[in-house]
Amino acid sequence: MRYSYLGPAGTFTEAALLQMPGAETAERVPAASVLSALAMVQDDEADVAVVPIENSVEGGVTATLDAVSVAHNLHITAETLVPITFVLASADPMPMEQVRSIATHSHGWAQVRRWAEATVPHAEFVPASSTAAAAHGLTRDPAIADAAVCAPLVAAQLGLHVLAREIEDVPGAVTRFVMAAKPGPVPVMTGADKTTVMIPLPEDHPGGLMEILEHFATNGVNICRIESRPTGFGMGDYFFSMDLEGHIAEARIADALAGIHRISPRIRFLGSYPRADNKSQQVGPEVSEAAFTSAQRWIESLRG
Amino acid sequence: MRYSYLGPAGTFTEAALLQMPGAETAERVPAASVLSALAMVQDDEADVAVVPIENSVEGGVTATLDAVSVAHNLHITAETLVPITFVLASADPMPMEQVRSIATHSHGWAQVRRWAEATVPHAEFVPASSTAAAAHGLTRDPAIADAAVCAPLVAAQLGLHVLAREIEDVPGAVTRFVMAAKPGPVPVMTGADKTTVMIPLPEDHPGGLMEILEHFATNGVNICRIESRPTGFGMGDYFFSMDLEGHIAEARIADALAGIHRISPRIRFLGSYPRADNKSQQVGPEVSEAAFTSAQRWIESLRG
Amino acid sequence: MRYSYLGPAGTFTEAALLQMPGAETAERVPAASVLSALAMVQDDEADVAVVPIENSVEGGVTATLDAVSVAHNLHITAETLVPITFVLASADPMPMEQVRSIATHSHGWAQVRRWAEATVPHAEFVPASSTAAAAHGLTRDPAIADAAVCAPLVAAQLGLHVLAREIEDVPGAVTRFVMAAKPGPVPVMTGADKTTVMIPLPEDHPGGLMEILEHFATNGVNICRIESRPTGFGMGDYFFSMDLEGHIAEARIADALAGIHRISPRIRFLGSYPRADNKSQQVGPEVSEAAFTSAQRWIESLRG
Amino acid sequence: MRYSYLGPAGTFTEAALLQMPGAETAERVPAASVLSALAMVQDDEADVAVVPIENSVEGGVTATLDAVSVAHNLHITAETLVPITFVLASADPMPMEQVRSIATHSHGWAQVRRWAEATVPHAEFVPASSTAAAAHGLTRDPAIADAAVCAPLVAAQLGLHVLAREIEDVPGAVTRFVMAAKPGPVPVMTGADKTTVMIPLPEDHPGGLMEILEHFATNGVNICRIESRPTGFGMGDYFFSMDLEGHIAEARIADALAGIHRISPRIRFLGSYPRADNKSQQVGPEVSEAAFTSAQRWIESLRG
């Protein structure tokens, strides 16, 4: 297996990749951007791309994934959660009070700013293109900064000296990462699954979101993420990117999506895959497989 | 064919029956009540019962039909509309101003009251058990009343003298009648059909009507009649009696009813049959048979 | 107080009237029909009309009330429930097995039919215009029938001999009656109230019922009765007759009706009044008066 | 007026700021991050912050704005759209084919990648913390890169030599920017307005999105953006960030938000302001101010 991921080496994205079974020994190829990581799969330079979703400190955004998945016809095959925790690391041991400049990505800086103001108030922020790049910078050129705010992984990989751990202002944050691959067999249902779809707003239905949601409501499907996005083909055209609780193998997901396909035929299925949080799906009796089967039999009996 | 109908002979119900093809020469058996007419079908004393629905001047009510259809498992196979128009008729010719008493059903009286007050202000109302019974009464016992308000049919059948025609205060009223028979093949779809169902309110869902209607909304099914009724098994238990535009052979009707079966499994199908008004069904592209088929194929392609 | 009611004396409607405080000594005027009873109020011949609603054995129907209330601008001021129980009564004591003919209204007959077939199988049904009329008939003309199926009230009023009590096939039935009067101050809120409205289907909204119900859903208003009816002004035009749980003095009822007024400005308010079953209204925190007040204050604070 | 903005000088964000009336002569303070720009307003170091929203090439994300607006109680007072177009610029004139390294932000690189592969296939990508930083880098240290991909504004500000214009792969993209300030009088209604809100998902309502949307549906409010976000206080807790078409001064917006306040009292109002696209609001007659006023008067007349 060859994995592409949002690099450089040592990012939270590589940490996410390393959580996958067998990843330790797999080929891992850093990419300069989410787009590049995904394009490598499209171009057969990798089998699976690992990219961040939501809240990322490294700038990966759902929008990118949406656009690329559709353009390149990639499916999501897995997701994983990585605790976002930062260390302050330097190339060589040094007293904290001597730290005068700190390199990191601006998003990372934002997440440790209160800690930094309280602990190293005189340190200047030096922007880097990623938290991992900041760490690599320390080893390449001592002039860049005294220390870096980065992931524990890259500090370990580079043998940096850790001056402080868990310096994030809001502890407990996690970032979600997904694996994207060319379409193949859908991962088997586990009972704790998600399904990701893109649904263009029906052209002539201004109140179309409500209409879409009714299909989920009548089939007992919970939405765990929803985002509207401009399609990029002119103002006023939107699609919705959504994660649903459930698997395409379930009648309730299949019926909801079939109903939406009727009002928005350009709907895109981007994958059914196990949930990272492993939270078992609670399904009411009225949307159980048995209820769907029983209803179908009743209709057939009426039609004779 | 043997028809039972809400009698006596000459009611609007018999007029409805006579609108059915071949009814002129069929056996027609009057019944004392809607319940009796329906029971005759159940007991194999008739093949089809004709009973009034809505606005009837003769007291037939949907509630009765609902209850009996369920108890006796009858299906509706046809409906017909009869214009409700009244005549003032007497046994023998007489001047209008000499009419001092008028027999009819209280509902019939209500519908000609303004005409009567203006035209025969001194005439007294004599209640009868039906408008047809009032007409029959004139021929049996001259002491009952000078004249009767009744359907043109019974006046013609009995050779009564018609003193005035179209005396109803609000012209243009029609009453709907249905044919009920034991379950058999569903009448073929015509493109202008109705489907009648009874849907118990889901027990633990106080706001359940909305939930039921969402299944019709998502499948493009219009409701042309809805009535809530107590089930009679205790306070607070309701069912809904509904007429839908469409036929059980259509995917949109079948899918809507299958969805409702999941939340209210005791739903009863009471028949799909041609509409009396012959109004063609307008079906949007998103609920056409083609849309349902295309959506189903898409789901199958995803599941592989 | 002068009450008009659906007569003759001794009907279940008079029994309903007698349940009202002070009714025993009030003037009680029987009317020949629901229409007449209501018209007497309109014409100042009575202050309040008492008429049956739903399931009535005497033919009162919601449709009539709807039509008249609107035409005559009457409001409902109270409702009451009367247990429907029948007696078999004769003018003079006689052995049950000698009863050969039984007078009653056809709806009443339908409700004791199984008892009659089992107990007096040879007795013939003689239709009467009401169960009370059947009882009165016995005292006027012995030739009409040997016995009558009627309400206990009329048997007692006329001093009839009761041959059998509680002969109804389905025990426990109740009929609802309402009091209708000219508009005046709305009865004060009790916490267990109903509100009756008529809502024309918005002309250009085929799926308009859903739209109406959303206003009730968003304001936490339960519907305890709904019936669609043709307006009588041409095919395809409907209105909905509804009873709601709650009182116009409550914000949730007022806001729901105000919202519906915007989409169907011809909505008619037919009264807020105490529920006959005295069932206290359960109101969720999100639709409490406090929640409405708090929301309103928030909006005002935003608008500055 | 003092403006803080996402710097450094020459970003698309500064271009957005320069579109505001009077901005040319106002004090403009670059900030290192969206968070910093917003914090400057909070700390009275600036009056208004200008930050990017959606699709940004400079990494500004709605999530940041949401979080900060709530934490710091900032309101949005205006929005503006900036066409996203890139130039390839160098410190000194040089032939295009000699460009061997190109500095820019990774998002910017992603947007010109196809152009670069076709035009300067041998050029290496050098990541920078922003497109403007890349341009500034050229003037500070020739060793960093031969050229930069950046906004026309910064190339002009720094007197760079423009080698190619409009090199973006997808022409016509725009990015939205908003102005955020401490709460004050809401900008007056123009008839083409937006309102931004944050709505926490009601805790005990898993299908709560539908419930929220019903308030918009019944009040005729269109949603032009919706995004669900974790609140950050534990898994499973979401809020929705939404832009609505309309102004808090309108009854339809006020009533919708008041209704949602009842089910989600922690709702946050983040501002009503003119739309950048100046698209006039189409309001149906049933949600016009006149309809709300008329409905309110009707309710008052009923309550007496």
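Think of it as A, B, C and D in the order they're written, each chain with its own count starting at 1.
Just so we're on the same page, contacts are C-beta pairs under 8 Å (C-beta built on N, C-alpha and C of every residue); 3 or more make two chains touch, one makes a residue touch a chain.
To keep track of the chains, here are their UniProt names: A, B, C, D = Prephenate dehydratase.
Note that the coordinates shown come from a computational prediction; the quantities given were computed from them, not determined experimentally.
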| item | value |
| --- | --- |
| Contact-graph distance - origin chain B (Prephenate dehydratase), target chain D (Prephenate dehydratase) | 2 |
| Any chain that touches chain C (Prephenate dehydratase) and chain B (Prephenate dehydratase) | none |
| Same-site or different-site touching of chain A (Prephenate dehydratase) by its copy chain D (Prephenate dehydratase), using the half cut | same |
| Cα-centroid distance, chain C (Prephenate dehydratase) relative to chain D (Prephenate dehydratase), in whole angstrom | 59 |
| Euclidean distance of C-alpha centroids - chain A (Prephenate dehydratase) vs chain D (Prephenate dehydratase), Å | 22 |
| Shared-contact residues (touching 2 or more other chains) in chain A (Prephenate dehydratase) | 214, 217 |
| Full enumeration of touching chain pairs | A-B, A-D, B-C, C-D |
| In the complex, chain C (Prephenate dehydratase) residues that touch chain B (Prephenate dehydratase) | 32-36, 54-55, 59, 61, 63-64, 105-107, 109-110, 113, 125, 127-130, 133, 170, 173, 206-207, 209-210, 213-214, 217, 222-230, 232, 234-235, 238, 240, 277 |
| Contact set on chain B (Prephenate dehydratase) toward chain A (Prephenate dehydratase) in their complex | 185-186, 202, 211, 214-215, 217-219, 248-249, 254-255, 257-259, 261-263, 265, 269, 286-287, 291-292, 294-296, 298-299, 302-304 |
